[in-house]
Amino acid sequence: MDRLLSLLLALLQPLALLAAAPLFTAVVGRFKARLQNRRGVPLKTPYRELRKWAAKEAVVARTASPLFRAAPYIVFASTLLAAAALPVWETASPGAHVADAIVLIGLLGLARFMLVLAGLDVGTPFGGMGASREMLVANFAEPALLLVVFTLAMTTHTTNIGAMAAATLHGAPVLRPSYMFALAALLMVAVAECGRIPVDNPSTHLELTMIHEGMVLEYSGRHLALMEWAAQLKLLLFAVLTVDLFLPWGLATRMSPTAWLLALPLLLVKLAGLALVLAVSETVLAKMRLFRVPGYLTLAFLLALLGLLSHVILESAP
Amino acid sequence: MNASWALPLAGLAVAAALGSAASSLLAARWPRALTVLAFPMLGVSGIAAQAAGLIALASGARQTTLLPAGLPGLPWHVAIDPLAGAFLLMLGAVLLPVALYGPGYVRAFRNGRDSLATLGACTGLFVAGMLGVLLAADAFLFMLAWELMSLASYFLVCFQHDQPESRRAAFVYLLLAQVAGLLILMAFGVLATTGGFAFPAMRAAHPDATWAAIAFILALMGFGTKAGLVPLHVWLPEAHPAAPSHISALMSAVMLKVALYGFLRVVFDLLGPPQWGYGITLVVVGATTALLGAMLAVQQVDLKRLLAYSSIENLGTVFLALGLAEIFQAAGHPAMAALALLAALFQALSHALLKALLFLGAGAVQHGAHTRSLEQMGGLLRRMPRTGWMFLVGCLGMSAVPPLSGFVSEWLTFQAALQAWRLHDSLLRILVPLAAASLALTTALAAVVFVRAFGIGFLGRARSRQVRHAHEVGDGMLAGQAWLVASIAGVALFPVLVASLLGSAVLQLTGRVPGSPGWLWLTPLGPTTASYAPLLVLAVLLGVGLLGWVVLRPRRGAPVRRVDAWGCGYAPPTPDMQFSAMGFAQPQRRVFAPVYALREGFAGSAYEVVAGDRSWSWIYRPLGALMDRTADLARRLQAGHVRRYLAWSLLTLLLLLWIVS
Amino acid sequence: MIWLLLAVFTPLAGTLLLALIPRARMAGLANLALSALSLAGSLGLALRVLHRGSLHGHGFLVDPFNVYLVVLTAFVGLTTAVFSRPYMEHVHLAEKRVSPAGMRLYHSMYQGFLFTMLLALTTNNLGILWVAVEGATLATVLLVSLYRTPAAIEAAWKYFILCGVGIAQALFGTVALYFAAQHVLPPGANGLDWSTLYAIAPQLEPRVMVVAFAFLLVGYGTKVGLVPLHSWLPDAHSEGPTPMSAVLSGLLLNVALYAVIRMKMLTDAALAASRTPALAGHLLMGFGLLTFLTAVVSLHRRHDIKRLFSYSSIEHMGLMTFGFGVGGPLATFAALLHMLVHALTKSSIFVTVGHATHIARTQRIERIRGLIRTQPAVGWGLLLGVVAIAGFPPFGIFASEFLLLSATMASWPWLAPMLVLGLVIAFAGLFRNIQPMVFGTPPVDQQAVRANMLPVMLHLALVLSLGIVIPAVLSNWLGAATMLITGAALR
Amino acid sequence: MNLGTLPLVDQAVLVLAAMALFSAFALLAQSRLLAAIHVFAWQGFLVAAVAALTGAASRDPHLYLSAAITLGLKVLLIPWMLHRLLRRLSLERQADPLAYPALTLLAAAAIVVFADWVAAPVAQFEHSATRNVIAISLAIVLLGLLMMVVRRQALAQVLGFMAMENGLFLAAVASTHGMPLVVELGVAFDVLVAMVLFGVFFLQIKDSIDSLDVDRLSQLSASIERDEITEQRP
C-alpha cells in the first residue's frame, strides 16, 4: 500500500507541477500587468497557446539536422524529470531518491545543453547569438546554484532535497546568515536561468537583447509547444525549489492525505508570494545591457560563495 | 579464473604490444602488416590488459615476481595489484577500440612520405612502456618504462615532422618529459635513501617529514608535468594536436592516467603517512589546473587543442579529488577518503573512455573533412552522422550532465567535498568548499566548451569547402568509436558495479571500501544522504520523450515541412553569417580576460582573435631567454686566444695549489 | 702475457707497417686487420684476467679496472677503423682534401695512437703512463691538422700547446710523487711503479701528495677536458677528421680520466689519516660539477655539429669526474659504467656525424636538415645516438646516470638538483640542435652517401642491451674494479 | 740553513739553480727571439750542470747520463733547430715585446714567492742540501707557463714550453736525483718529437696566416659561430 502510494506520489507531484506551470507563468504576468495598470491576459491563455501550437504543423528549416527535432523532447523530458526530484507537498518524495539536488542541477544542465545545441543547429546568426549568451548565463548561474545547494547540504548533511526540507522542518527555526545569502543567490539565479528581467525579457523579440527567444526562434508547432512548456515548468521548478529549500514550513512530512490538505494551500500561498515578488521586481527593474549581465551573474555567484563561507566560518564550529 | 592469472595475462599484454612494435617493422616493405599484424596484436594486448586488470581488481591481491634483468643487485620487480589493475583496465578499455580504429586511420598515411613502420613500432613501444609503468615494482624498471613511454610518444608526436609546429610540439614535449622523468627519479631517490629501490622496501621505510615533503613535491611536479598540471602543462596542447589522432587518444586517455597512477603509487602507496599539507597543495593545484584548463579550452579553435585543454581540466579535477582524499585520510576519516579516491578513480576511468572517444571522433573529422579548425567546420552531423552522434555522446559526457559517466564522478567528488563539515581544521573547512565551488565553475565552463565544440563543429552549416564535401569514415573507425560509446554507457548506467570494482583499489590505498549495496542506486554515504540512479534517470528521460513524441505525433502523418531559415524577412542567412567559434566564446573572453594572452588583428584578409596561454609569456619564454643569455656567457670562455687558455691553465694551477697548501 | 703483447704491440707494429704502405686502400684494410688483431689480444687478455686474476710483471699491470678499458679501447679502435675506411676514402678520393702522404700519416698515426692508449692503460709505471699520454698527443696532433686548413692548423696548435703544457704539469706531479715515494721506499725499489706505490701509499707524506695531486689533476685534467682547461677540446674535435674525433672522445678522454683516478687512489690512501681525507674526491667533485655545468650551458646556441658533440663529451667527462669524486662503491660503479657507455655512444655519434657532414657537405647545423628523409639510416642513427647520450632509457647511459644520481642523492642530496638541472639543460641543448637536423624537409642538394652503419648499430645495440640488463660478466668486472678503486664492494 | 756548513758541491748547485732562475726571468723579459734562444740554451746548460754536479755529489752515474742527454738536447739540438727555423722563417730580427713589462716581471716575482710557499712543506722532507732547489724548479716551471701566457710569438711560446721542461728536469734532479732511466729516455724522446712537430707547425702556421703571432690564431672562437643565428625558439 505504502509503495503504491509512494509511486503514485512520485507520479502525481511532477504531473501537478507540469499542469500548473503555464498557470504560474500566467499568474506572474497577471500580477505584473496589474502593477503596470494593465488588465493582462486571461489565466488560461498559456494553456490555449500550448494547445494551439501542439495542433499546428511544425515547420523546420532546411538546414536543420535531426538533432533539431529531437531536442524539444529531450529538453522537455529532462526538465520534467528535474521537477520530479522536487518534493511539492510531501518531503518524502520518491523522485528525490532517483535524483538529488546535484542531479537536478545536472538535469537542468542537460536540458540547457540540448536547447543551446538546437539554437546552433539551424545556423542562423540569432540562434548562435542566443546560444552564446545562454552559455554565458549558465557559466555562472549553474555553479552559483550548486553553491546554494552546497550551503544547505553542509547544514543539513544531505543532498536529497526532501531530506533537506525535512531537516529544516525538524530543526528549531534558526536565523542563518548563510541562508540569507543563499536565498538571495538562488533568486538571482532563478531570474537569470528562467530568462526574466533584468537578464532577459521573455516578451520581446528584439534580437540584439534576446537570449532564450533567440534559441527557439526557429521552432514552431509542437516543438515550440514543448520548448515553451519546458520553460514554464522551469520557472515553476525554481519557485518550488525556493520553497523547498528555504520556506519548507507546512510541507507534509508523513504520507497522509490530511497533511497534504494542509500543505497544498500553504504551497499555493507561498508560490503566489514568489510570483508577486517576481512581478514586482520585473516591474521596478529595467532590462540590463548585455555587457552588464556578467557582473550580475558574478554577483550571484559571489553571494552563493559568501553563503557557503559564512556557513563554514560562522555557523559550524568544529 | 584465479588470481594467479593476472600476472601472466599482463605479461601477455606487454608481449603483444612488443610484438606489435616488431611486426610493424615489416610495414616498410609491406604496408598491410600494420592492418593484419600490428593493430590486431594491439587489440590482443588491450584485451589481455583488461582481463589482467579485472582479475587483479576482483581478487584484490598483489602478485609479485622478479625478472633477471636490470642493474646488479636490482633485478626487475614486476607486480600487479588492484591499483595497477584499475589502470590496466583503463588502458585495455581504450587500447582495444584504438586497435579497431587504427587500421582505417593510418590508411591515410600510406601514400605519405612518413614511415608507417615508425608509426607502428613506436605505437607498440608506447603501449609497452605504459604497461611497463603499471607493472613495475622497482624504481629502475619504473623509470625505464616511463621514459620508454615518453620517448616512443615523442616519435609519434614528431611523426608528421614536415610541419614545423609538429617539430616544435615534439621538442617541448620531450623537454618537459625529461624534466618530469628526472624529477620523478629524484623523488624515488629520496624514498630510496632509507631502504632501496624496490617498492616493497620503500613502502616499509618512512622518510622523515622534511624528506617526505620533498619527495611529495618532486613527485607532484614530476607526475604533474606528465598529467598536465598548470603551469607544467604547456606540452600537452602542443603535442596532442600534432600526433595522429589515435595516438592523441592514447596519450590523452591513457598516458595522462599512467602519470596519475604513478602519482598515486608514490604518494598514496609508498610515501608513508598522509599529511593534510599535501592535501591542500593537491586541492589548490588541482582546482587551478581545472579552472585554467577549462578557461583555455573554451577559446580554442583547433578541435584537438580544445580536447587537450579539456584533458588538462579533467586531470585537474582528478587531482582535486585526490587532495580531498589526502585531507580526509590525514584527518582520520578513511571512509570519506575512500569516497574521494573513488571519485578520482571514477573520473579517471570516465575521462579515459570519453576523451578517447572524442579524440577518435576528432580524428574521424580530420579524416573525413580534412580540418581540425572549428572555424571551418559546421553541419558535420549531416555529412558524418554516425561519427557526429557518437561525438555528441562524448560531449555530453564531458559536460558532466546526467545520465552520462562524467556526471557520476563529478557527483561523487561533490559528495566527498560536502563532507567537509567533518573536518576540524578551520582552514580545511574553508578550503574544501572553495574547492567544490571552483569545481562547480569548472563544470559549467566544461559545458560551454563542449556545447561550443559540438554546436559549432557539427551543427549549423559548413563553413568551408572541404567540410561541405566531408564523408563518413569507414566501418573500422566507427566500430572503435562505437565500442567506446558502449563502454561509456556501461560505466554511466551501472556506476555501482564499476565502483565496487574500483573499490578494491581504493581499499588497497585507504583501507576502506566505499560501498553501495545493490546495483541500481549509487548511495556511497547511505540512502538518505544522497542517492543517484542513472538507469532510472535514463528510463524516465526515454519514457517521457517517447510519450511526448507519441502524443504529439501529427495525426495525418504528413512529413515535416522544410523551409529556409528565418531571415527577418530578408534573404535566407548564409553560412558566413553564423556565429564563429571565437565569436561564441567572446563573453568568456571578456569575463576572464586577465587569464588570456589576447592577440587580435588582421591575419591576411580575416580578422583573427587568439586567446593564448600566459604560461608561455610568463614562464617559458623568459626561461628560454635566460638559457640563451647564459649560453652566450659561457661562450666567452671559448674566446679563441690560446694565450688566454694558457692563462686559465696557469690560474687553475695556482688556485689549486693555494687550496691544497 | 702473450695476449698482452698481442694487444699492445700490434698497434706499434702497425704504426711502422702502415707508414710503409703507400696505397690508401690497402692501408685502410691493414688498419682494420691490425685493429682486429689488437682486439683479439685484448679479449684474450680480458679472459685471462677474468679467470686468473690480475696480471703483473715486466712493467705491466693489468687489473680489472684497466682491462675493461683495454677491451673498450681496442673495440672502439676496431669499429672506428671500420668506419674510417669508407670515410677516409671519401675524403681522399671524392673530396680530395687529403694527399696520399696524408693518408699514410693518418693510418700510421691511427695505430700509433692506439698503441699509446693501450700502453698508457697497461703500464705499471707512472712515468711510462706519462710518456704514453704525451705520446698520444703527439700522435694525434698532426691528424688534427690533417686537412691543412687554417682552422685545422689553429686547432692543432692549440691542442698541442695546451695539452703539452698540461702534460708538463702532470710530469711535475709525477716527480713530486716519486719524491714522496723515495722517502718511504728502500733505495733501489722503483718508486714509480704503481703497484709498489699503492702498497705503500698510506705512508706517503700527505703534504707532498696534495701538491703532487694538484699538478696531476691539472695536468691529466687538461686531457680529460675539465673546465677551464677544456678549451682545446672543441677545436680539436671539430677540425680533425671525424674518425679522429670519435677516438679522441671515446678513448683519449677515458684514458686521461683513468690516469686521474689512479692518482686519486694514491692520494686518497695517503690522505686517509690526515685532516682532509677526502680532499682529492672533493676536488674531483668540484671540477666535475663545474665542467658539467659549463658544458651543458655551452650546448646551447651551437652552429657546428662536431663542436656540439665535443661539448657533450666534456659534459659527460664532467659527470664521470664528479662520480669518481663522490666516491663510494655505487658512485664509482656508476662512473665506470658511464665511461663504458659514453665511449660507445659518443664514438657512434661521431661516426654518424661524419656521414651527416658528408651528406650535407657542411658541419654547420643550420644547413643540415631532414636527414631522416635523405638517408634514413644516418638520420635514425644520429637521433638514437643523441637519445642515448641524453640519457633516455632503455639505453645504458640512463642506467649509469640513474646510479650516479641515486648515489648523489644518498651522500650529497643537495647537489642532485644541480645534476638534474644540468641534465635537463643538456638535453634541451642537444635536442634543439639535433631535432631540426634529423627531421623536417631536407634541402634539395643533400644527397645520400655510401655509409657503413655497422659500427653505429653495433655500438647502439651494445648500449641498449646494457640499459636493459648488465650481464654478470660485466657487472662482476666493474664490481671488481669498484672494489679496487674504493676498497669496498658494491652492496 | 747555513750555507757555510754545506759542502762546496752543494753550494755550487745552489748557485747554479739561482742562475737558472735568473735565466728564466731573462727569458721572460727578453723580447728579441734570437737572444731568447741563447738564453734558453744557457738555461739548459745550467740545468745540465746542476744534474752533473748532483751526480758528482751523490756518486750516481745515472745522473751523468741525464746531464748528457739534457746537454745534447736542450743546449745543442733544440737551440740549433730553433735557429734554423728562425732563419728559414726569416724571423732573426723579430722582436716580441711584452705588453706590460713591469707588470709581468712583478707577477713573475710574485710567482716565485708563491712557489716557495707551496714548496716549503714539500722541501721539509728532503734532507739533502738541495731541497730548496725544488722551490726554484717549481718557479721555473711556472715562469715558463707565464711566458707562454704573455708572449705572442709562437716561437717564444715554444721557448716557454721548453723552459718548463727545464724546470721539470731540475725538479727531478734536485728532489729525487732523476727519474728512472726508461722514463727519462721516454721524456727525452717526447720532447724531441715535440720539437720536430713544433717545427712542422711553424711552417704550417706561417703558410696559413703568414705570421707566427698566436693572437691571430683566433678564428675558432665563439665569434665565428655567431654570424648566422636562425634558430627557432620554443
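Going in written order, the chains are labelled A, B, C and D, and every chain counts its residues from 1.
Following the convention adopted for this analysis, a residue touches a chain if its C-beta (ideal position, glycine included) is under 8 Å from a C-beta of that chain, and two chains touch if they have at least 3 such contacts.
Nothing here was measured: the structure is a model prediction, and the numbers come from that model.
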{"item": "Common touching chains of chain C and chain B", "value": "D"}
{"item": "B-D against C-D, pair bridged by the larger set of C-beta contacts", "value": "C-D"}
{"item": "Between chain D and chain A, distance of the C-alpha-averaged centres to the nearest whole Å", "value": "98"}
{"item": "CA centroid of chain B to CA centroid of chain D, Å", "value": "68"}
{"item": "Chain centre separation (chain C, chain D; CA means) in Å", "value": "29"}
{"item": "Averaged-CA centre spacing for the pair chain B and chain A, given as whole angstrom", "value": "35"}
{"item": "Junction residues of chain A - those touching two or more other chains", "value": "none"}
{"item": "Per-residue multi-chain contacts in chain C, two or more chains", "value": "157-158, 161, 165, 169, 211, 234, 301, 432, 436"}
{"item": "Two or more partner chains touched - positions in chain B", "value": "164, 171, 175, 628, 635, 638, 642, 646, 649, 653, 657, 661"}
{"item": "Chains that touch, pairwise", "value": "A-B, B-C, B-D, C-D"}
{"item": "Of chain C, residues touching chain D in the complex", "value": "59, 125, 127-128, 130-131, 134-135, 138, 141-142, 145, 148-151, 153-158, 160-161, 164-165, 168-169, 171-172, 174-176, 178-180, 182-183, 190-192, 205, 207-208, 211, 234-235, 238-239, 301-304, 307, 366, 432, 436"}
{"item": "Residue numbers on chain B that touch chain A, as the complex places them", "value": "378-379, 381-382, 385, 392, 396, 399-402, 407, 410-411, 414-415, 417-418, 420-421, 423-426, 429-430, 433-434, 436-437, 440-441, 443-445, 447-448, 451-452, 454-456, 458-461, 521, 527-533, 536-537, 540-546, 548-549, 552, 554, 558, 560-568, 573, 575, 577-579, 583-588, 590-591"}
{"item": "Residue ranges of chain B in contact with chain D within the complex", "value": "164, 168, 171-172, 175, 620-621, 624, 628, 635-636, 638-643, 646-647, 649-650, 653-654, 657-658, 661"}
{"item": "Residue numbers on chain D that touch chain B, as the complex places them", "value": "111, 114, 117-118, 121, 142, 145-146, 148-152, 157, 214-215, 217-226, 232-234"}
{"item": "Complex interface listing, chain A residues touching chain B", "value": "54, 57-63, 65-67, 69, 72-74, 76-78, 80-81, 84, 97-100, 102-103, 106-107, 109-110, 112-113, 116-117, 119-129, 131-133, 135-136, 138-140, 142-143, 146-147, 150, 153-154, 157-160, 163, 207, 217-218, 222, 225-226, 291, 294, 298, 301, 304-305, 308-309, 311-313, 316, 318"}
